[in-house]
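Both complexes shown next keep chain A, but they swap its partner, so chain B is in the first and chain C is in the second.
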Partner chain A sequence: MYVAKPAELEAIGLTYSSESAQTNRALKIMSELRTSMRSLMVMLETCVKCGNCAQQCHSYLGTEDYNNFPAARAELMRRIYKKHFTWSGRIFGSFVGAEEFDEETLGKWLTYFYQCNECRRCARFCPFGIDTAEITIMARHILSELGILPRFMQGIALNMQKTGNNMGIPQPATLDSAQFMEDEMREETGLDIKIPIDKPNSDILYIPSSADFFTNVDTMLGVAKMFHVLGVNWTIPSTVLEAANFGLLFNLQVMRTHNLRLKQAAKDLGAKLVVQGECGHGWRAAKMYTEGCNGAFPFELVHVLEYCAAHLDRLRFKRLPWRVTLHDPCNYSRAGGIVEQPRKIIRACVEELVEMTPNREDNFCCGGGSGILMDEMMDIRLKLGRKKVEQIQAVGDIDYLAIPCSICKAQIPAVMKHYGLEKFEMGGVMDLVGKAMVFDQ
Partner chain B sequence: MITIKGNQIEVDEDGFIADPSVWNEDLVRYFADLEGVGELTEKHWKVINYLRDYYKQFGIAPMIRKLCKETGFSLKEIYELFPSGPAKGACKLAGLPKPTGCV
Partner chain C sequence: MLFFLGQIFPYIAIIVFLTGMTWRVLIWLKAPVPFQLTLFPAPQTFAGRVRVIGWEILSFKSLWRGDRTLWLWAWLMHGSLVLIIGGHIVGIYTLTRQFTLIGLSPAASSAWSAGFGIAAGIICFLSLMVLFYRRTAITELKRLSDPVDYFDLLLLLAIVISGMHMRLTSLNIDLPAIRFYLAGILTLHPIPIPRTWIFVSHFTLVNILLLYFPFSKLVHAAGFVVNRAMVTEKPPIYPTPASRVGEARFKQGGRIE
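This part shows the complex of A and B:
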């Protein structure tokens, strides 16, 4: 994995701590977390090493690396916690598994906290509910505060800072792309279906993934067609052309800043309802963290799949003659309350929905979760995605794989291509809405 | 750093040129070998020139679907021309920064 250089860190407001200062800085942050993140402290205190999580973790199953066994991964932080914040660790040291925060630990943190997809499946099966995702989130946060983060994350943070989206799409390009998509829909339907950008006095603010303005066009078309038929007053803010919030995945201050953009855009454009697009972790960040990091918000927040499912009776479809399976993005099914809505939509749009096993809250991650999309990590990504591939293969012949999250949309096709299994279409759930929709002329 | 005809050119970790303004046709040939493109044809240049023109105007790569429509090539044909794909292959040859995010 490529790591950001000091000058690159400065460009996004982070600084590199010299090696001698790293331990003190890390311990200071951990000490602060003892009061601000009690949940994390409970998780660091609780594990009994029952081993239940090992067989539930696709990262451990795919890499067969001991440090990717969730309890062992958590132990990388727990040992430091014991050494400095428990009496038993202070007195008995390594006899009770306490360890100093040294260079070796730092190296392991960087490697293994970036091989955890923050999917929370371990938490689902842990008798105590220990959530390694929480531990990984905080470990990555501490690392970034020491000036240690992947170059990939730095590049995205820089783009977010400049343009408000991960890809770095400037406003004129957003307008050009919206125009292009409107032309596409006019050619296809003969209708004047709009994708309004920065329209003042809009009731609904729609927050797409920026990848919908690059690769996942059909997701955006599905959403635009739905809003058209429902006849609502909506817009997309060019300042927040991004449902993703990579700050959750490496630095909580960066998360807070992007979340503030959302609040500001809703205020500027007068929206009372914010609809988040197909992005897993971004939904978790918006739904679960907005109020915690930036206070009460004066708008209602829903996910596009919730919104669409709630309005199905006002939409008409010609069912596509397809056999479709659904991959549940982890941050929907285990962290964001989106489970039955995509199923309801898919059943309305196609002839057959077939479930993969396990599914819903028990589903396995795609292996790209938490932003592990670096090209240089492709070998690891393939291992992290192996369990998902097995699940998809076990479903048998399908026409379409629904993967309603931009990270899943980037990861799964790459893994399927590697294994030579690209025998069907892959894309979002809103894509199906767009393809199956019938218009009253 | 890479060296082409005695000139040192800075590239990032993924091998994309760091400064789009130093782009030239020698670079395209160098990257063509690297990315398994082989001999450059008129079709390749059509894609490269479109990407460069769009980038000059908008400061970003166009939507993939727009690239296909404007050049007249299907996505499959783009992959045949640039085996590492439109984002990682064609953009590299055209001297654009590497598209990043969930791609």
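This part shows the complex of A and C:
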């Protein structure tokens, strides 16, 4: 993994701590976090090391690396925590598993906290509900505060800062792209379906994933067609052309700043309802973190799949003759409460929906979760995705794999290509809506 | 020495246990939960939350869905422990006459009490042994375990073994005397401890456990509830209801770092 250079860090408002100061600074931040986040304290102090999480973690199953076993991953932080913040650790040291923080451990933090997909599957199987994702979030936050950050994340943070989206799309390019998509829909349907950008006095603010403007265009088309048929007054803000919030994946301050953009855009464009596009962690960040980040949020907030499922009876479809399976993005199922809506939509759009096993809240992560999409980590990503491949293989022949999350959409095709499973199409759930929709002329 | 073990140490142990546990939990509760960490599917009401957490305590559902072998032994260990603790309370209080309440004769009641006690003791012993063996037999678990993880199991085993020793050997354990002694402790009028070495050992080991409890991973008993309460919290509602705007979450929650 490539790490950001000090000058690159400064560009996104982070500073690099000299190597000798790193561990001390990390302890200082950890001390502040433990009193401001109950989760960190309780989750670090409650584990009994029963080992139930080992066989539930796709990262451990895929890499077979001890440090990717959730309890062992958490232990990378827990041992230091014990040494500095518990009586037993201070007195009995290694007998109770307490350890001094050294550079070697810090190196392991960078490696292994960036091999956790923050999928929360371990929390589902932990008798106490200990969430390793929470510990990973804290560890990555601490690392970034020390100036230790993957270059990939730095690049995205810089784009977010400049343009409000991960891909660094400026407003003129957004308008161009929207125009292009409108033309495409006109050609396909003969209808004047709009993708309005920055339209004042809109009732609905739609927050797409920026990738929907370039790589996952079909998702955007599906959404535009739906809004057209429903006849609603909607717009996309060019200032927040991004449902994703990578801050959650490396620095909580960055998360807060991006989250504020959402609130500001809704206020500026006069929206009453904010609809989040197909992005997994972005949905979690918006739904679960908005209140805590920036206080009261005076708008209604729903996911596009919730919105579509709720308005399904007003849409007409010609069912596609496909056998489709659905991959539940972790941040929808375990962390966001969206489980039945995509199923309802898919059943309306295609002839057969077949479930993979396990599914819903027990589903395995795609292996790209928490933004592990760096090209240089492809070897690891393939291992992290192995469990997903096995699951998909087990459902037999399919025509379409529904992966309604931008990270899944970036990860799964790459993994499938490697394992030679490319006989079917892959894409979002809203893509299906767009493809199966019938218009009243 | 017996004066210390019998009339002073029990008070130290119980005070450390109670204040230690209260202190641990209060420190946790003092820290804010700035973001809802809801793990779905999540209950929508307070009653639902209590039901979900209660069922998890009773059934160890998460373990069941993961590793059935671990579930079996962990459940048996905790279940038998509950039975043993309950048995101690009613058995000693009623001098093993507890089952006369359901119509048994005093002799039959004592026999039942002994039967349940022995069964629970053996199950607890076996499950602790299995959990110990499991820690050494599974590669990743062995690597994860620190000496203290074995120590905890050994301490519990020592308590179970000393207790079972009193049950299963023909030692003359004078239950009324023990009851009298314990009543003295509880009413703050401590009297000398019965001079039976096995009872003194058993009782002292229990006091060591109590003393050790708040500083060990045994706090998972409290951590369970606090953590489960956190991950079953109701997700936020948007737009934020006016009644919630003044909540602590908004004042403290945004404070990051």
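Observations, loosely collected:
The rule we apply is simple: the second predicted complex is superposed on the first by the 441 of 441 C-alpha atoms of A that agree within 3 Å, B and C clash if a C-alpha of one lies under 4 Å from a C-alpha of the other, contacts with A are read in each partner's own complex, and residues count from 1 in each chain.
The definition used in the following text is that a contact is a pair of C-beta atoms (placed from the backbone, for glycine too) under 8 Å apart; a residue touches a chain by one contact, two chains touch by 3 or more.
Predicted model only: the values in this text are computed from it and were never measured.
With both structures placed on the common chain, the touch criterion links A:138 to neither chain B nor chain C. In the superposed model, A:223 makes contact with neither chain B nor chain C. Once the two complexes are laid over each other on the shared chain, residue contacts for A:48 go to chain C alone; chain B is not touched. Of the two partner chains placed by the overlay, neither chain B nor chain C lies in contact with A:240.
Taking chain A as the reference, the larger set of touched residues comes from C, when chain B and chain C are compared. Of the two partner chains, chain C is the only one touched by A:36; chain B is not. In the superposed model, A:437 lies in contact with neither chain B nor chain C.
Shared interface residues of chain A, touching chain B in one complex and chain C in the other, do not exist. Of all residues in chain A, those touching chain C in their complex are 29, 32-39, 41-43, 45-56, 66, 69, 71-72, 75, 86-88, 92, 94-97, 120, 123-131, 134, 141, 145, 252-253, 256, 274, 287-301, 333-337, 339, 361-362. Across the complex, chain A meets chain B through its residues 2, 151-152, 155-156, 159, 165-170, 172-173, 176-177, 180-181, 184, 209-211, 213-215, 217, 244, 279, 373, 375-376, 406-407, 409-410.
Remark: chain C residues 24, 27-42, 56, 60, 62-63, 65-67, 70, 74, 138, 140-141, 143-149, 151, 215-217, 219-220, 223-224, 226-228, 230-232, 235-236, 238-240, 244-245, 249-250, 252-257 touch chain A in the complex. Of all residues in chain B, those touching chain A in their complex are 13-14, 57-66, 69, 87-88, 97, 99-103.
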